[in-house]
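Shared between the two complexes below is chain A, which pairs with chain B and chain C, respectively.
So, the complex of A and B:
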């Protein structure tokens, strides 16, 4: 019984690592721009495909990580800075912007579907003997995925707390007008945020396909609800909150899978979201009803 | 969202137009009596995650239309195919079918529907009095009273029983079931569970997989803790790839027996990639509708697929032994011969002739091709169409299914034949409790 619990918690941490990478990127971008960016799932898939193409052409799987990040960055910057900013300049409100991102996300998905002919591609990069940690059995892939998640979290925290651009980003997320008044080059910070968010999104796509060992045009889209839930649960703009929320969701879903019917695992994760939102509504939309889109 | 829907509609329209063009001539608005083109609608998932259903259908129905048209058509009427995209979702299927019924001239038959949309679509087609050759395994259709429903495909329960019989033949005494929670994947599970119970084989774990999750580690752990000797399974390709990949990595892989639906290119590609080709070939078996022995019907099917390969989805060779495609071929032949036997292209007239031209009976001439059937009918003979799937013998519920075959992966398009489970063996299992 205890073995099962320990295994479920360990597997929950692995799942949380994947969710957290994406949720950190999502929440930073959402916290700063106030755009609920539903293209995120599609961009994750783009990152995953960049890694897949690199590896299938002979590159090392490690190269897949920076390539996926780069693909995510470029795509997100193009969509965010090149397209969404124009909508913001026209005074598009938060809900309308969400619908715009939904539409763009579908365009990305359908484009990927057309390009891939709806095929599922394999991405098996590491096959080796499992590691026994007492009663818990994990694979080297899972250990690597968890390490990547932890490394990205620590790196992101350091970036936000110790660097000038990180501090500027936090200042802008707290109060864009004041940050602008203090001389922060807000446009530059917004561009940096799109790049950073896109890089994390692309990385999440790569880590996702490393773990699931396959990629299809809907891979990121199917994962998106978990990412948004974790980002909302953790509080907009809070990477550490996103990590904590990812851990909660990951462990809850895996424990439910281990002890009950796996069909209820995802429902349990979202049930947790509903309970937390009811009891701690401050975790949601920390910007409240603010309709300003800090994109320009 | 609206733009996305428009885009989806445009995509569907383009695919449908392409598939229509794959038939011979396009449908005209004229009456059937003026030798106009007759429309065969393929009500199936053409786009979306289940688009392989549409490919399976195209792999059989387009060569059938080609062969019939080459033989002069049905009483001089050419046939044309019209794709109607269900996206494997009843919500998409219903309006698409309603639109098809409202706008299609000379509609004589529907190929399909498939599993996910059948419960919604079958009553609609039945009310419209359009014969359909469904490839839907739901047990609800085992005793259907819908007169326009025809199924040349084993019900899910039969496939489940065949899997259990194969496990027993191989000497397995501890079985685990791993099935996706989507309705398409759940069909065989009741048959598996009931058959194992009837054969006193313990089901040590029954794992449900919510499709497309990033990981199934806890489910894998539960499965391993049950120490099964074999896994019976069906789920979508992505889910299966992830689950079995994790199972292998954690050292818990045991032989796999898949349903008929696992013997499709996306599923095999996903799981073979996750397990590695050699492991997959060693450990994977699927129970599929047994192909007929090499009769003239099989030869005719293979020749038509080869001759029409430009229209058949790629790789065209994979449809030479695709059980779904062959089923669609036989369904089309039965309907076409029924029209000839009835001297009518009116579905309300020829529908009852479908059983007459297919089932065995005294004094009937066995025919293997459409041309042979037409010739015999013109000579005033009664015919029994012996299909590429083998003997066709519709029961009073318009169901016909034969033997099942255990097949493995060869690494190429041709499966490895491992053994036969006969229809009699399946019927002999005292399965109870399957809805």
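So, the complex of A and C:
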């Protein structure tokens, strides 16, 4: 019994690492620009396909990671700075902007469907003998995924606390007008944020398909519920909140898989957000009360 | 029977079902500002319930499809149960998704409901036969002993009758005092609360009414096509109806019908006559891309649609003194 629980928790931590990479990117961008960006699932898939293409053309799986991040970065910058800014300039408000990202997300998803002929491809990289940690058996891939997640979290915290651009980002997330008045070049901060969140999104897509060993045009969309639920639960703009929420969700999801009905594992992760919405709505919903977009 | 007669009668049924969807979403989004991105889930609830209450008991181990709660209920009962199922599920989802929160949060939570429900029903085979879905749903109105063509048109007429009845009732509701209160909540929630409207309860009311209409439309559709599976209710199906409303005109029922005619009926059905290009399925992908583009472009160029919402008029004078809040003024004036 205890062994099953330990394994479930270990797998939960692995899954949480993937959720957390995506949720950190989502929440930083959401906290700064105030755009609830539903193109995120599609861009995750774009990152995944970039890695898939590289590996299927003979590149090492390690190259897939930076390539996926770069693809996510460029796509997100093009969508965010290229398209959404124009909508904001025409007077699109916070809520309508979410609807706009939904429409763009639809275009991204089905363009991928057209390009991939609606096929699901196998993606088996970094396969090697499993490691025994006491009763828990994990694969080296899972260890690597967890290490990447931890590394990104520490790197991001350092970036936000120790560097000039990180401090500027936090200042602007707190109050865009005041940040501009203090001489921070907010436009650069916004561009940096799109690039950073896109890189995390693309990277999460690559790590996700390495772990699930297959990719299709809906890969990112299927993973999106846990990512958004973790980002909302963790509080807009808080990477450490997102990481905590991801850990909770990853573990709950895997424990339900191990002991209950695996069909309901994602639903159980989302159920956490539902419970919080029902019992302590104030804890989640009063955050992000500011209703202005900050896109330039 | 001619192929044309068959095809046109099929389109009429689809049109009627989509009008029901459009009316439901317009009441929720156009009037009350509740963005129900999980609409298709409530339609599916109705479809699945209508299917399992007419398919008869699951024939046990070794059966080609498995499902819960099999029964042979007589016709209108299954349709009523479909509507009730939609309403009940809407009530359940509404409990946690209709709290007072940022509307973009609300939209995201409902979109997640749609994605999660699809994953659950696909993975949990004993529930509604997983990804293969249910087939062989019996046709109602069998006792009428009609020819194939007669049956087609009888069902089309019946669907249009239901759609027209729901259209008239919902339009009346929207123009009532309650409908004005909904618009007041949509435009100025704080002010609406101040004049004593309980906005959370009002949101729940439109959500459940809309859910019942969704369930009804699902029941109507499944008993016509005879099958229902997760392939039929991807999260993106909801977007077709929203796009139709954006194109036609948000908050205007005639605009909704126009949009439903233009987008799901004409735009998504006509490509069947195109010669195949590229690999099989390319036209499908291109249709969805166009839906996304239409959605995005209509939000960019004409957010109010072809036939915009009409301003409230009192004594021949449009109530526009308080900019943006005509509905609020109309409501307050009648208290």
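The definition used in the following text is that the second predicted complex is superposed on the first by the 284 of 296 C-alpha atoms of A that agree within 3 Å, B and C clash if a C-alpha of one lies under 4 Å from a C-alpha of the other, contacts with A are read in each partner's own complex, and residues count from 1 in each chain.
Everything that follows uses one rule, which is that a contact is a pair of C-beta atoms (placed from the backbone, for glycine too) under 8 Å apart; a residue touches a chain by one contact, two chains touch by 3 or more.
Just so it is clear, the model here is predicted, and its values are computed rather than measured.
In the model built by aligning both structures on chain A, chain B clashes with chain C.
Applying the stated contact rule after C-alpha superposition, one finds that A:254 touches chain B and leaves chain C untouched. Contacts of A:222 after superposition on the shared chain: both chain B and chain C are touched. In the superposition on chain A, A:15 contacts chain B only, with no contact to chain C. Looking at the shared chain after the overlay, A:99 reaches both chain B and chain C.
Shared-chain residue A:110: touches chain B and chain C both. Of the two partner chains placed around the shared chain by superposition, chain B is the only one that A:141 touches, whereas chain C remains out of contact. Annotation: chain C segment clashing with chain B after superposition, chosen from 77-85, 95-103, 185-193 or 221-229, is 221-229. Within chain A, the residues touched by chain B in the first complex and by chain C in the second are 99, 102-103, 106-107, 110, 118, 222, 261-263, 266. On the chain A side of its complex with chain C, the touching residues are 36, 38, 86-87, 90, 92, 94-100, 102-107, 109-111, 113-114, 117-118, 221-222, 224-225, 228-229, 232, 261-264, 266-267, 270, 273-274, 277-278, 281, 284-285, 288-289, 291.
Interface residues of chain C facing chain A in the complex, by the touch rule stated above, are 35, 37, 95-97, 99-105, 107-109, 111-113, 115-116, 119-120, 123-124, 235-236, 239, 279, 281-282, 285-286, 288-289, 291-293, 295-296, 299-300, 303. Per the touch definition, chain A reaches chain B in the complex via residues 4, 7-8, 11, 14-15, 18-19, 99, 102-103, 106-107, 110, 118-122, 124, 127, 129-130, 137-139, 141-142, 208, 211-214, 216, 218-219, 222-223, 226, 254-255, 257-258, 261-263, 265-266.
For chain B in complex with chain A, the touching residues are 1, 3-4, 7-8, 11, 47-49, 51, 181, 207-210, 212-219, 221-222, 225, 237-238, 241-242, 245-246, 248-251, 266, 269-270, 272-274, 276.
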